[in-house]
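Chain naming follows the written order as A, B, C and D, and within any one chain the residues start at number 1.
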Amino acid sequence: MAEAARKEEKKIIDEGLDVGVQNLTEERIEKVITRVLKGESGARLKAYIETCVHCGLCSEACHYYLSHDKDPQYSPVGKVKQTLWKMLKAKGKVSAEFIKDASEIASTQCNVCKRCAMYCPFGIDIAYMMLTVRRICHLLGVTPLYIQDTAHSHAVTMNQMWVKDDEWIDTLQWQEEEAQAEIPTLRIPLEKEGADIMYSVIGPEPKFQAQLLYQAAVIMDVAGVDWTMPATPGWDNSDMAMYTGDNEIMGRVKRAHFETAARLRVNRIVMGECGHAFRSVYDMGNRWLGWRMPPIPIVHAIDFYYELIKNKKITITEKFKEPVTLHDPCNVIRGGGLAEKARFVINAICEQLIEMHPNREHNYCCCAGGGVINCGPPYKMTRMDGNRIKAEQLFAAKSRGAKILIAPCHNCHSGLEDINHHYGLGYEVKFISDILYDVIEKPS
Amino acid sequence: MLTRIEWDWEPGSREIADISKWQTQFNWVEEPCVSPNGEQVAAIVNLAEGEFNVCVNGKTWETVFDKIWHLRFAPDGRPVAFVSDTGEWTVAVDGRTWTHKFGYVWDMMFSPDGQNIAVAVQQDMAYGMALNDVIWKKTYSNLTNPTLSPDGSSTAATVQVADFGEGEIYKFQKGVFSVALDGQTWDTAFVNVWKSAISADGQKLAAEVRLNLYDYTIAVNGTPWSQTFDCVWEPIFHPQNNAVIAPVRSGGKWLLAQDGQIVWDRNFVQLWHPMVSPDGNTLAAIVAPKYGRWTVAVNGRPWSVTFKDQLSEAVFSPDGKRVAASAKSDGRWTIVADGVVWKNRFDRVWPPIFSPSGETLAAKIERNGRYSIAVNDHIWDQVFDAVWDPVFSPEGDKILLRTLNNDRYVRHVVPVEEILH
Amino acid sequence: MMKKRIFLLMALLLVGAFLIPAYSQEDMEVVDDAGFSKKQRPSAVFRHDEHNEKAALEDCAECHHVYEDGNKLEDESSEDQSCSECHDEEGSGDMPGLRKAFHTNCKGCHLAQEKGPVMCGSCHVR
Amino acid sequence: MHSIYAFVSGPLAWLAFIIFIGGCLYRLISLMVLVHRKEKFIYSYMSLKYSLRSIFRWSMPFATENMRRHPALTIVAFAFHICLILTPLFLLAHVTLVEESWNISWWTLPEGWAEMMSLIVILACGFFLMRRLVNPEVKYVTSASDYILLAIVAAPFITGILVYYQWFGYEILLILHILSGEIMLVAIPFTRLSHMLFAPLTRAYMGSEFGGVRHAKDW
């Protein structure tokens, strides 16, 4: 039954997969799988595969599984079964069609949120295994088109959105000018060598959400922060190559980021409200380059706001009135331990925080992260159908009075906008900075 | 332009400008920058809404601009900035603008003597480079990684040679990027071209390229090395023999290659920023011999001392016999020279500078928000709100120091002996 | 000295055999496990005379041994004593505890002779 | 029967233990060598504090979210693992055999307890079997090997109970009991039963990553 239901859903047309598999030969598939599973992978993968007792206890961790009426094909281990187990069992002798399915499963039916790692009694990291599958698919050239295009953008421009070198600087100067209408002496200091902080953002900010740059500049200015932004590539902390399995491009993009900060000789990098970017600079990209921890401390926006409020660098004039609920993004909460700091910030700027359940480390994923939303329109329904449980969770919080949904992560933000709209939840989705900008005391 | 030997090397301190006065004069004063010889201090100043100028030693340029950014002194002491007037951008040198105007200008580069100034330019979404007000004859739909030849006579950059639309991943993967030397691209295009280098004689151009999504190598004058790798970092030219040297990745480890052949007998977790000593005899690079441990390898042998956080800006002494770098462990900076670490730790330290003889090593340092310099692990007893990198006299017995305290910019010449005692 | 002691023992044995029929081994069905403070298994089945006949055992000391300084005394036997008089439950030094003594004695011989029961339940029959 | 008994309880038992211990060492050492060769960075993240924090937390019944979500399974799984390990180690008959061979002995379980514990293991195996047959998410990832492993684990306990009660052919069953125990020992290092060896390591690594790097709980 479940098998049939699954087949029904498979009508997605994705050139990245459909054309990609046409270039495959059985030999190439076998060679690449062997290269990754035997050559690149090591003890972790081996231990994970051989320790797993197929108990199925990871299932309930996964929002896809919960949202698909507990269809076991969507359980974390179920996805491993459909991909890695088969590759291992067949010693890499799998068909092109199999690779296409594996790519779809690994790239669009798993947000690598690592919630399941908290549910496996052995702490098996299934997200890591899904990323290994994506790595194989990358080396075979079978990656969903939209995210592959994004990886190309990273490779060319070192940013996510094909923002050209000059467009970036121009946008910053434009936002500086805009903000000067509000605070005439406000500056976005470019290339200020020796500043305390380099502020880094993700590609969509200059491309579509320039108001976030504006807000950040105002917050920095009001708080009297010694900050700068680079006028060279390396300003973008995001990294979709990390999610396509193109580790080499991931490393290159992260190197540009860290070397830009090192060139500017800043003490710390503060980044905007993005989750996967945090993962890429704090966890994955730095490691590929050989840094155990980021060479320059990375401060996520939540942590930074916490610091500003705690140290009274900014004053809250009047708290935000409407009841809010908070979505805990996987990469900064489960991946960065900022759950309590996020609550400190929200409580400092909002009258009422209504918790959704589960929350903190146990919050349900937005279903957009891990590169899934970046796989583009073909998979929008994958995300919607794959996260009914999130809609239910949000609905429950709404029924207890929450009106505003705070999502301090770009992917979560966009993903939850879609969920909100698709399920008609009637929330307004906001970043913390949207509210913070509104409630802080600014020079009149 | 005065050569370094002609600068004022008389020991003593001299106040050049009181910037606090400028602050009363203008709406705001941006970050000051100073000339190499320390005789000038300049800053972008705001006169009124949409009115900017550059103030040098208290005097403004003749022309007021809508917007100014990236003010820097060229090595020859001329202040240079990007300026905008009625929506057009150009370069202003000492207050005089280039004749060419652009949609945008950025990435300012100087030749070591400061005589050549190169920038990246964009006009009507067509991209190119300009050197001393001379623009490339051809333009491209995108341009990244601009570079200048060692003598500053040639420019190069990665350029996009064919158009592709959003989502046209297969067109992209056929290769639409190349590199242009003085505007002329190679005949070959690649999936990606990143940083490039121009040989000392200006005849050769080498760049890191990606042949498909997975195979990387170095291409020289359009011809890729016959060997491919899992990844590469940017190449450099050997200053004497024009050999191309680049870090390459194979089997998950980094190696050093010269003209496609592996030259160091061991691999590293990371290897980048290779450099050749001025005499051409020594090859060094920043390496991670172990995961999360950073140091310098000289001729393939890493120093035994390693650092946890980072190691940046290794430098050779002018005679090529010594190597020094700034390094950080557990958030504390220090200097390491020839594998020997300074005892002092700093909140921040800037790239170290060798005296002409290589005997003395100096660096700008920060402790508790105040700045000073340290020489051979001795910290000068004076602290400032800001200092610029120290400059050695030609004999190496004196140091030129450019400092800022209470917005007063002061030029000091300090005998090295004074700091060491 | 030695002869005197053997004589004494013989005398005692005779007296014992005739005067204390209650201790007669003819009726013995199970091993005397009175020495165990707590029995965890059914008593081991052991029909003394039948066993000895079958095993063609003549020498009592084959089982009812006497050890001195770790050496078995060839001409002496201890059928007048309970095993537990020497072998307490714990055992000490070279002296095996009672359980081990029984097992070594019975099973050890069975294994060596490749005859007789050697598995737990073959003796400790439920 | 003597020679068979002597063989299975002698050379074969030796072989089984040698393969078990040698195999475990081999698996652990080769895993470490693999880490050393290809993923040395793992060592740099290992933290004793957070490893123990994680192992301890996951060794406490109902101390993690997922354990609370599956109370029956939690109880069964804990009872199963405790009984599975303790029963053979402290069984009177086993200790007696060890004592006869090497003159060392240790505390033993009262026979009644051992009987109960063996039954618990068998019942738990039944429970696991039912999960595999009935729960869709378990069934989906179950293959023949999972049933075989379950049988390997259950066999020594089923035969153990049978020989304890001396039902059916005692001697044959005892031989089978010994054999099944030996099969299980040999299987541990070379099948997914090796989670006995690796689970503490994977747990320690995840505990270290979550505690030391991610500053988050891994439960």
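To be clear about the criterion, contacts are C-beta pairs under 8 Å (C-beta built on N, C-alpha and C of every residue); 3 or more make two chains touch, one makes a residue touch a chain.
What you are looking at is a predicted structure, and each value in this text was computed from that prediction instead of being measured.
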Pair of chains joined by more contacts [C-beta pairs], C-D or A-B: A-B
Rounded to the nearest whole Å, what is the centre-to-centre distance of subunit A and subunit B, using the mean of the C-alpha atoms as each centre? 33
Measure off the straight-line distance from the CA centroid of subunit A to the CA centroid of subunit D, and report it in whole Å. 39
Could you give the separation in Å between the centres of subunit A and subunit C, each centre being the mean of its C-alpha atoms? 79
Listed in rising order, subunit A residues that touch 2 or more other chains are 292-293
For subunit D, residue numbers touching 2 or more other chains are 38, 41, 44
Which residues belonging to subunit B are in contact with no fewer than two other chains? 252, 291-292
Can you name every chain pair that touches? A-B, A-D, B-D, C-D
Quick check on the complex: what are the subunit A residues that touch subunit D? 2, 41-44, 46-48, 50-57, 59-61, 65, 70, 72-73, 75, 77-78, 81, 117-119, 121-125, 283, 287, 292-293, 333-337, 339, 361-362
What part of subunit D is in contact with subunit B in the complex they form? 38, 40-41, 44
Show which residues of subunit C lie in contact with subunit D when the two form their complex. 40-41, 96, 99-100, 103-104, 107, 110-111, 114-115, 118-122, 125-126
Subunit A - residues contacting subunit B, complex: 15-16, 19, 39-40, 138-139, 141, 145-146, 148-149, 152, 155-157, 162, 164-166, 169-170, 173, 180, 184-185, 187, 189-192, 194, 231-233, 246, 248, 251-252, 255, 258-259, 262, 265, 267, 289-293, 295-297
Under the stated contact criterion, what part of subunit D meets subunit C in this complex? 2-3, 5-6, 92-93, 96, 99-100, 103, 110-111, 163, 165-166, 170-171, 174
